[in-house]
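Labels run A, B, C, D, E, F, G and H following the written order; every chain starts at residue 1.
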Amino acid sequence: MDIKELLTQVQNGSLSVEDAERQLTRESFTELGYAKLDTHRKQRTGFSEVVFCSGKSDEHLAAVFKRLAQEEQDVLGTRATPQQYELVRSVCPAAVYDPLSRLIKIESSGKQTRGSIAVCTAGTADIAVAEEAAQTAEFFGGKVERVYDVGVSGLHRLLAKLDVIQAAYCVIAVAGMEGALASVIGGLVRNPVIAVPTSVGYGASLHGLAALLTMINTCANGIATVNIDNGFGAGYLAVQINRLALQHT
Amino acid sequence: MDIKELLTQVQNGSLSVEDAERQLTRESFTELGYAKLDTHRKQRTGFSEVVFCSGKSDEHLAAVFKRLAQEEQDVLGTRATPQQYELVRSVCPAAVYDPLSRLIKIESSGKQTRGSIAVCTAGTADIAVAEEAAQTAEFFGGKVERVYDVGVSGLHRLLAKLDVIQAAYCVIAVAGMEGALASVIGGLVRNPVIAVPTSVGYGASLHGLAALLTMINTCANGIATVNIDNGFGAGYLAVQINRLALQHT
Amino acid sequence: MDIKELLTQVQNGSLSVEDAERQLTRESFTELGYAKLDTHRKQRTGFSEVVFCSGKSDEHLAAVFKRLAQEEQDVLGTRATPQQYELVRSVCPAAVYDPLSRLIKIESSGKQTRGSIAVCTAGTADIAVAEEAAQTAEFFGGKVERVYDVGVSGLHRLLAKLDVIQAAYCVIAVAGMEGALASVIGGLVRNPVIAVPTSVGYGASLHGLAALLTMINTCANGIATVNIDNGFGAGYLAVQINRLALQHT
Amino acid sequence: MDIKELLTQVQNGSLSVEDAERQLTRESFTELGYAKLDTHRKQRTGFSEVVFCSGKSDEHLAAVFKRLAQEEQDVLGTRATPQQYELVRSVCPAAVYDPLSRLIKIESSGKQTRGSIAVCTAGTADIAVAEEAAQTAEFFGGKVERVYDVGVSGLHRLLAKLDVIQAAYCVIAVAGMEGALASVIGGLVRNPVIAVPTSVGYGASLHGLAALLTMINTCANGIATVNIDNGFGAGYLAVQINRLALQHT
Amino acid sequence: MDIKELLTQVQNGSLSVEDAERQLTRESFTELGYAKLDTHRKQRTGFSEVVFCSGKSDEHLAAVFKRLAQEEQDVLGTRATPQQYELVRSVCPAAVYDPLSRLIKIESSGKQTRGSIAVCTAGTADIAVAEEAAQTAEFFGGKVERVYDVGVSGLHRLLAKLDVIQAAYCVIAVAGMEGALASVIGGLVRNPVIAVPTSVGYGASLHGLAALLTMINTCANGIATVNIDNGFGAGYLAVQINRLALQHT
Amino acid sequence: MDIKELLTQVQNGSLSVEDAERQLTRESFTELGYAKLDTHRKQRTGFSEVVFCSGKSDEHLAAVFKRLAQEEQDVLGTRATPQQYELVRSVCPAAVYDPLSRLIKIESSGKQTRGSIAVCTAGTADIAVAEEAAQTAEFFGGKVERVYDVGVSGLHRLLAKLDVIQAAYCVIAVAGMEGALASVIGGLVRNPVIAVPTSVGYGASLHGLAALLTMINTCANGIATVNIDNGFGAGYLAVQINRLALQHT
Amino acid sequence: MDIKELLTQVQNGSLSVEDAERQLTRESFTELGYAKLDTHRKQRTGFSEVVFCSGKSDEHLAAVFKRLAQEEQDVLGTRATPQQYELVRSVCPAAVYDPLSRLIKIESSGKQTRGSIAVCTAGTADIAVAEEAAQTAEFFGGKVERVYDVGVSGLHRLLAKLDVIQAAYCVIAVAGMEGALASVIGGLVRNPVIAVPTSVGYGASLHGLAALLTMINTCANGIATVNIDNGFGAGYLAVQINRLALQHT
Amino acid sequence: MDIKELLTQVQNGSLSVEDAERQLTRESFTELGYAKLDTHRKQRTGFSEVVFCSGKSDEHLAAVFKRLAQEEQDVLGTRATPQQYELVRSVCPAAVYDPLSRLIKIESSGKQTRGSIAVCTAGTADIAVAEEAAQTAEFFGGKVERVYDVGVSGLHRLLAKLDVIQAAYCVIAVAGMEGALASVIGGLVRNPVIAVPTSVGYGASLHGLAALLTMINTCANGIATVNIDNGFGAGYLAVQINRLALQHT
């Protein structure tokens, strides 16, 4: 919004005071009382609002999905239980659900994905978080390569997939336990690595805090970290980077 | 209690030694053996005693409510389960229950609320804690404005409600995850902000500790913090401030 | 700022587009490049901007003080070293310094203080933090009662001062070690208690974290907590409450 | 055991090599394979061995109780579930159970208690831990005064019971939340205070760690702390002190 | 103070209202403005007030020592630097100083010690804390046996001193690093063990927190813990126990 | 793999380019898509791959076991639930399960064990973790001596078994609560001690973190620590040491 | 490196076995004994190796700089003290030093920067870390916009600079205390935000851990976090993103 | 010591009661009052006692070294400052000092080392800790290979040294920051890996705690961890393993 232009329109009468006020006070959300849907978000960030399902009451969740489905073509919900999916499907029959990643998706068919995002995991127990990242990235148009079970205790598995990893615009490294995977990948690639600690591990993993600290303290360059088990956050950020990499193509 | 006056009354015979002793030793509570009801509290603090229901045995809870309901017009219970409410209702039929805030209330009808307390939340998942704050404030006579779902990731929602927030004598900012809402509000208002961290969040939120640290470390002025999920504590403090603001009206 | 009125003025020609833009984009600060002095703050919050001296480079500190002294009648600096004071005095000769509280003050003479704020400490080692609180409150017009060395290990000292504490609109409880003072005071007064943990203590005090946890977990009502050793924050908040209490007088 | 005497007996033939070896190698326990019952303990410490029931397999628990009941007159089990009690009762019909303290007791009738131990709690939710302490003390012969619900937020309740508390040889202070009770009592009595933090509290109580830190950092003298919710440990220590106080009577 | 008796005296005129008020309001301390000397403490607890020197300003420290030396025969100061001692000696020439324990003592000559307190250390680096404990105990009349450098990595050293340790009314176990000494001693003695964690150790000792946790979690009975490096607190508590053990002799 | 030899073979034509590439890129694992079985591991480390069952989906777990059972004679699975065992047995009928250690084993009959590994526990509640260690060691050919319930609170039980412990090539010390057992054993033996903290304990044991810190901070030499409750890790390491000790026999 | 091609060259004799071995074993570093300079890094990652000066011995530091300056045109050193700079300048006269960011740079003149990276700080005390980020980005060819002192306690300062921030390919948000800046920016922009917590703050900031937790727990999308005070890491990552954004121009 | 044989000797008169008592009570240490030199240690563990210099008073340190040098041929002191070395040299002229590892050594000349221990570091800043490990191992007769600066951010440096690492009986992995080196090595070798976290790193390394957690949580097998910066502990343990590996040669 160009404020000067808006004011000039008010001055010359091409915009009413009321309309200008609305724009300036940015009432660019849908008020539901208990929630304010950020329908301005897509214009501001290039991504439509995403529904964090966990902890929402049934009533609120259904209403939010229904309303967003009316306003947006595509809707994404994260951290949904199977019960929540049943609820959403009753008001939005087009919704689909993936129990591994716990994502609910309402999507137009025939979506094309572009670019290159590599999603790697240390072990098989990290795959649920990795899928949340991968499918989030795909939902927003990114093309994903999955490289699973390449933890550092068997380094040859990772080295065998190095070409795929090095070719990506962005690498997501998902690991629990000691989380060393991110550092090793960081030393081998040109492009950004997004590290996702998972809560997989024995007692002293502290539900993912140990892996988080590992990743934050990495000796490799070009690595930044998101919250424990936050596959969605990593996928979102990867799409932003992927989008920048593709922008002049 | 003016000790000098009391002693003078003893000296001149207008007060017996026994009555004076009772006043001085402050036996101003009701002894139940397992509990000592602080019936002196209203006189001392202006607020009647509140029942923290969580962890109380059924027998104790019922007896405490019954006794307080005999001595006070209004009784408030916090952190009550639906089962505990059924128990209380069996001895105090006038008790009502709100499952969201988990409050049990015995209240005289036609209560008037005064002043202005704004209760804000970052997201919809913080509403349960916010309602505990809001209804506590209302129970003790404060007038509450609810401003929900105005988290900092969509700042325009908060800015659109700025007039309501700035008009309050006291603002309660309820937020989980990173808890940044309190700092942002603190920079925009004249009056005190009470920050309530909630346990809402991903792994590294540490069940609300991360938000607590955020709020304690705020760069804004005029903010103080209560315990994680402690909506009651925030509501109580807000009423104290609201009461002061109204005192000379 | 009333946006509707402003827009109407633009529409009817009584306000130029340029002036309206400036107001709307809120360029209500003084740009120094390395800093943006918030000269709009007093209008927004009722308090002028305060300089947090700690960690500022000499050049920046001197320039900030000089500029604020030009724009405001009174200027307050916190956490200043004696060296920093010498520097400030060289550009603002009216500045005075208190080594205990580490405050630098530029103040108009004959300032009146009003209302009632009680500042209590558990021990003598907590006095430096308490003085930061007390003098901040006085700087902004609050009247302060000092009640020092009334820690809970000798309860009779606190009880002897109860009348002063109970008479205050707001009590600041400053304590290190286990920080129990706040809870005890909280149970004895009607008005808000602001708890300030200090870093005074033996090993397991964790530089004030133990006292902070004590205060956050208080079983008493009407208590909120600020950061460790943050006397300034407590004094500021106390003034806000004191101001509300006095507003209709 | 006097080694010199033993060796002299071996030398002069009044003790066989085999018997001397047994005494020296201290085979003063009962080997069960998975457990080694410390039947030497009573002689060494004045207390018979106590069974920590939590986490023991059913088979082991029953066998341990059965064996101890054969060797000792009195047996105490801590942290027992109702299910574990049923199991124990099936092999030791004399066993009794208190669900609040979770203690299993096999005791000779007509036990006399002596001395004076005061067990205080801050709130009613701390009573379960307090009862573990009180009944442990009584099991080992200590006389207990219970002073419950005297938390610092209503100080007059504590002051009204001061004579009982000051008369005790040892005071056990049981408190959750911020745990300030121990410090306040510590400043009022002559004799040792054993502080027991409980896991009662809101979010930042960290399951009792906050209260533990409070107690460890106490500004009062004559206070030592045991583990969170460890009523047994406090009761045991109180009996040791009580026993010393009575020893020359 | 017997309140009933006091009131009766007021009633029958043998006590003036003013004197009774003073007694009731417990002005049993010496007000210095910045400090309130608890001169009532000896009557209440059997121990005179002790000066915690650390963090006190020079002016305050000298004044406090001077005043206490006027009112009490013996004065103890803890955590004093050599500089602070020089200051104290200038106002109290009788003061002596031990640089190892950092205690300042003003003591009548020919003091007798009684009873039996064993002070044990794991290593030689723990001796400073042990001496603070031992000399505090001696200052208040306890007889001390020092058993130093008996850490668990060379168990035979501890076993060789077992008779001394088992004979004590109270054992103080001082240990840094992993702090295992307390548990081992706890299993070998009849009487209470006071555990003192020290800040001696490699990185993960967390400045004594690791040893503190070890001691709090001890599997042995009859152990309670004081703050890190708090030799004074342990010595004080040991004297309380020693005094009880001797009381009927 | 000797690279020079391989290249020479390529040069002289005795190895094809394709075969050389395969060896160099180390495709020495079995790709299952969601997992990469490290079938090269036995050659590299002397141990076949072990299946960490916890958190694996049913489908993946069954497939992994089936595939490994085809490629290896012996297969070990850790942290398996009884349900997971039923699943594995349906595809590998030779699999056996021990509910205490939660191990699934497919083993050739008549396995011989050699050497000497002592597995000690502090209490009976630590036996489950100890069995995971002992049976892992036996699975890989180590001979194990079990020494259970020798915690430091009854030192004579440990001393009575000293000959067994001192004779071992490697001692595994399994302990919860304060975890002091490792330090005491470390001071008594010549050979390495592997310390395993367990999550057994009261509140402040922090689910094993306290014992972990104790073991890491040990004052004894020759001790290293593995993760909380990680019996498998200790058993594996013990076998490595045992194997080295036996290598030239 | 294409292994197949290399092997084919060996096979057909165009590459000697020795040269092939060197390439395959990747002896692409310079061995200095105490250090292995990663001169292969630029080829692998697009960035030359950077010298982390902190903690290096003088001898090592000088030798490393000298050697790198021989092999690379540009050399960057981080966390250098002024003394270290003097040392480096004595062997590399072309080196320059910025005391604020603590960077040592050897750079070809006339370097062009491209793209758009916005570096924002909450306060002026965060500028040192911000400059490390900004100058690192510039060193590797990124164009930087500095937006300093736009903390959330005066939101209008940030909003006034929104156009600059929204235009950047990547935003670096540098903040201490509660670190809320990152979340607020994250909600306002399309492109990735790299959050850098700083160690600026009062007691409970825990030397930057509080801000780190805030940023990791952000409720906004498109944010990832690097280590406390790690301006270098943020600048490096920003350049990677900036480079991708520019790649097809 | 065979107790039966000893007793038989007493019985048949070949051993006096006094001599037998001395052996049984194990007075196998040298009592210095403030210290008890464990001169029995070599016989018990195969290693002579080592002097932990840090925190010892000058007087004690000199006396301990002097006495040990009289009783043992070789003496090792750890964590010594240059000042402490000067002191030791004044009483033991044969003592030598290495400022990097901070070791003081009194050694017979011509010592032979045997076996194979690889000491690896992630960076050059970890070398001081590594040298403490390496030289400790050499002092006790182990042969050491140093492999420095092979951190995971440049994996090819580690892979180039794989043959040396894989040939060792025991590998010591020394790393700060995120400490990932241990896991990567653990996956590549047959023999035990001892992980040593160092305190090298940026803010969130928490002085080595982050690396410690990484190593404790390792996904690789055959790794155990010692304390932060505890090079001595790792070297000692490595020698124990090396000694076992060589025992039958």
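Quick notes on this structure:
Here is the rule we go by: contacts are C-beta pairs under 8 Å (C-beta built on N, C-alpha and C of every residue); 3 or more make two chains touch, one makes a residue touch a chain.
Since the model is a prediction, treat every value here as computed from it, not as a measurement.
Farthest from subunit A, judged by the mean position of CA atoms in each chain, is E. Same interface as A-B, judged by over half of the contact pairs sharing residue numbers, among the pairs E-F, C-G or C-D: C-G.
In this assembly, the C-alpha centroid of subunit C lies 53 Å from the C-alpha centroid of subunit H. Here the CA centre of subunit B is 41 Å from the CA centre of subunit E. Residues of subunit F in contact with at least two other chains: 25, 123, 153-154, 187-188, 202, 204-205, 209, 212, 216-218, 221, 227. Of all residues in subunit H, only 122-123, 151-155, 177-180, 183-184, 186-188, 201-202, 204-206, 209-211, 213-221 touch subunit A in the complex they form.
Per the touch definition, subunit E reaches subunit H in the complex via residues 123-125, 127, 148-150, 153-154, 156-157, 159-160, 200, 202-205.
Touching subunit G in their complex are the following residues of subunit A: 44-47, 50, 169, 187-192, 194-195, 212, 216-218, 221-227, 233-234, 236-237, 240-241, 244-249. Subunit F meets subunit G in the complex at residues 3-4, 7-8, 10-11, 13, 17, 20-21, 24-25. On the subunit C side of its complex with subunit G, the touching residues are 25-29, 33-36, 38, 40-41, 52, 54-57, 60, 197, 199, 207-209, 212, 227-230.
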